[in-house]
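Residue numbering begins at 1 within each chain, and the chains themselves are lettered A, B, C and D in the order written.
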C-alpha cells in the first residue's frame, strides 16, 4: 500500500481491526498527553519567536538605518555648515533621505532631560540632521572625509551602535524560540516513537496470534497506526487550543515596540499554531509505521 | 517501609531484584529520553527566568526609584533655587538621597544628542537633581506643593513612567519562564507516571508470577521504583548538563542591562539547574511508587 | 497439501531432525508422536511456516516456504487451522469473538451471530462460556476453544498440537470425533500427541497413519499402535 | 496444613462448589479429579490464596485466609509450591534461574550453582536446557520445569495442577515418583488431574485419597479408582 493511501486510511473508521488490537491503555494516554503538552509548549515557543521576530524587524527598519549628523559650530556658521552638510549628504551614494530636524523636534528630544521650555534657538547647541540609509548603506569613512572638508563642524553619529544590542537581543530571542520549537518537535517525535514501540512490545503476543491465524502485516499495522496517529492529532489539537487560549488571554500592553508586551499572534498568524497538530499527526504516522514494520519484521 | 527508607533504597544496588524484573525496554528509553528532553527545556526556561529576573531587578533598582528634579530659572536664580529645592528634598520623608548633578554629568547625558562639546555652564539650561526614593516612596503631590512654594522653578520629573513598560515586560518574561518551568515539571511528572504505568501493565504477567511464588509487594515494587527513579535522574542529569553546556556556549554580549544578551547563569546560579535532576528523581520516585502500589493492589 | 522434501530443522546448530520426507496428502489423517522435547511442535511449526526448514524444503499448497513472501504466507495460513500447544488468544475479546477471529482477519466480517459459530461452540461444550474472556476459562476450556478456532474457517488443513492434554477422556473422545468428521469431509489432519490411548481410539474410526520422531528421523510407527 | 471449612466459591454469582470440608493434613497425598471446567483449578487457587472463598473459610497454616494481609499471604506462599496449569515463567530469565526463583524471592540468594538445583533439573530431564529461555522450551519441558520450581524450596505443601498434561507416559511416571518421594519425606501433596491412569499408578505406590468434584460437591471417589 502506498504511504498516501496508508495515511488516508488512518481517518477511515475500521471498527473491526480497532477491536482486534487491544486497548493500548497507558501508552495511549501517554501519547495523548505528550502530544498535548508538547503542542502547548510549541504554541508558546512559536508566539515568542513571532513576537521577537516582529520586534527585531521593526527595530531593524526604524533604527538600524537611522544616522544623525550633528553640526556644532559658532552660532553664526551653523546655518551655512548645515546647508553644506546637507548638500554633501544628498550627493552621497547609499543615502535615501536627509532632513534637518526642526527646533520643535530637537526640543522634544531634549524634554525628558530638561523640560519642555528650553529656548533651543537661542542656544549655541548643535543642529541635528536625520539621515536614512538605503538598504545597501553608505561608506561612512568616505562620508566623514567629505564632511570634514565641506562642513568642518559636522559630526557623523551612527545610532546603530546604541541600538544594535537590542536588535541582536531580539534576534537571539527569536532563534531561541525557533530552537525550542525544533527541540520540542524532535522530542515529541522521539516520545511518540517510543510510546508506539512500547505499545507494540506490550502487544507482541496479540500480534503473534494475529499473524498465526493469517492476518497480513497491513491489517495489523493499520490498527496501531490509526490509533497512534489519531491520538497524537487529538492531543496536539487540545494542547494547541489551550495554548492559543492562554496566549489570547494574556493581557496585551499597547506598545509592542516594547519587548514582549505583545506576546501574541497577529491576525493571520493565528492560523500558524494550527499547523502543530497536523505536524504531530504526520510525525506519529511515520513513527508508528516504522515501529510497526520493525516489530512485525521480527515475527515470522 | 517508610518513604525515606524506600527512597534511599533506590540508590542501593540490588542485582537480584533488578534481574528478576525484566528489562522495561522502550518504556525505559522513553523515561530516560523524556526526563532528558524536559530537563533540557527546563534549563532554558530557568535561564530565561533568571535573566529576565536580573533585568527586572536592575531596572527596578536603577530606574523605578530614580526621580529627577529640574530647576529651570533665570541664570542668576538657579543656584539659590537649587539649594532651596535640595533643602526641601532632604526634609521629605521617603527620600533616601539627593544629589545635584555636576556639569560633567549633565554633559554626559546630553552628548548622545549634541556631542561632547556643549558649554553647559554658560547656557541657560536647567540644573538637574537626582533623587533616590526609599522603598516606601514619597508623597509626590505633597512634594510638588512644597517645591512650588520654596523653589518655583523646580519641576518634579518621574522617570518611572518612561521605563515602567520595560520593567513590566521583563517581569512578564520572567513569569513566562516560571510558568514554562511549572508546565514542564507537571508534564514530566505525568509522562513518567504514564510510562511507569505502561511498564507495569506490560509486566503484569511477571508481577503475577512473582506474587504467586511468594514475593512481597515491597520486593516487587522496589525493582520498578529503583529503575524508573534512576532513569529519570540519569536522563534529567544528561538533559540538564547539555542544556547548561548550550547556555555556557551562547555568545555573551557584555551589557546585560540589555535584554537577554546575557541569557546565562551568574556564579552560584550555575548550581540551580542541578536541582532539576533531583526534582525529576523525586517526581519519578513518587510516580512509580503510586503506580506500583496501584498495580499490585489489583492482584491477590 | 503440505510436503516435506528431505527437510530438517535445528535451533542454533543443534539438529532436531533431518531428512524428513512427508506428504500430507489431501484428505489424509496423521498422528505425530514421540517423547517430550523431541521436536513434534517444531515439525508442526514448519507446516504452517512459523519456522522455515534449516535444510531441505517444505512446500505449502505447492509453493516452497523459502520463496513465499509475508503476505503469501498469511494467505496460506488462512487455509490452515492450527491448535497451538499453548493455545493463544486475544485476552481482551470474549471467547466467541476469539473463535470467530480467523473470519474477522480474513475480512469476512465478525460473524458473532452466525449459526455455524454457535453450533461449533456448542459442540466443544462452551455455549455457557461464550461471553467469557480467555483468562476466565479453565485449561480444558481453552484447549477446546483453540480447536474450535482452528476449524471455524473450514480450512483445508488442520494441525493440532496436543489438543487433548488438559481435557478428560470423554471430552477428548468428543474432540476426536470432530476431527474425524472433518477428515471425512475431506480435510487434511495432523495431530501431534503423546496420548497413545487417543491414537488407538482414533484408529478404530479412521484410516490414520502414525508418525514418530526418534533418532532425529521421522518414522512410521509399527502396528503396535 | 490447609483446611477448608464449608468453603465455597462462585465467580460472579455462579456457584462452582459449596460446603467443602477438607483437611490437607501434614504428610497426606490427595488427588483431585473431575471433568474439565468443574472447578479443580479454582479449588487449588483457594489453597494458595489466589482466590478467597466466597463462602465459608479456608485456613492456611492455621491462619484464616480472610484475615491474612498481603505480606502474610506472601509468606504463606513461600511454604507452598505450586505447579500452575499454564506454567508461568519469567521469559527473560534462563530456565535454571526460573527454577531457582523461589529461592531468590525468599531472599536466600540466587543459588545457580547449588548442587540441589542441578540435581533437580537433571531429575526432570532438563540438564541440557538449563540455559534456555522459557519460550524456547517445548510444552512438556515447561511442565517439568514448573514442577521443579514448585519443589525447589522444599515447601511444606505441593499443589500441582495437571502436571502431566503435556508429557508422555514414561515422563509422567518419573514426575509421579518425584512427588511420591517428597510425600514420603513428609510433604503434603495435592494433585489435580484428569488422568485416571496416573492416579491408578500412584495408588500402587502411595496411600492417596482421590477427591472428585461433581454436583458442586467435593466427594471422595470410590474404590473404582
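Here, a contact is a pair of C-beta atoms (placed from the backbone, for glycine too) under 8 Å apart; a residue touches a chain by one contact, two chains touch by 3 or more.
For clarity, every value in this text was computed on a predicted model and none was experimentally measured.
Where touching is counted per the definition, the chains common to chain A and chain D are B, C.
Centroid distances from chain C, each centroid being the mean of CA atoms, peak for B. Note: centroid distance chain A to chain C, computed from Cα atoms, is 63 Å. Centre-to-centre spacing of chain B and chain C amounts to 68 Å, using the average Cα coordinate of each chain.
Inter-chain spacing, taken between the CA centroids of chain C and chain D, is 29 Å. Taken pairwise by the contact criterion, the protein chains form one closed cycle in which every chain touches exactly two others.
Contact between chains, as defined at the top, is found for A-B, A-C, B-D, C-D.
On chain A, the positions that touch chain C within their shared complex are 16, 19-20, 22-23, 205-206, 208-219, 296, 300. Across the interface of their complex, chain D is touched by residues 11, 34-37, 40-41, 85-86, 125, 129, 136, 138-141, 144, 161-162, 165-171, 194, 196 of chain C. Every residue of chain B that touches chain A in the complex is listed here, in rising order: 25-27, 29-30, 33-34, 37-38, 40-41, 44, 48, 70, 72, 109-110, 112-115, 117-119, 123-126, 128, 155, 157, 162, 165-166, 168-170, 172-173, 176, 180, 183-184, 187, 190-191, 194-195, 197-199, 201-202, 250, 253, 255, 258-261, 263. On chain D, the positions that touch chain B within their shared complex are 48-52, 70-71, 73-78, 80, 82, 84, 88-93, 97, 101-102, 104-107, 109-110, 149.
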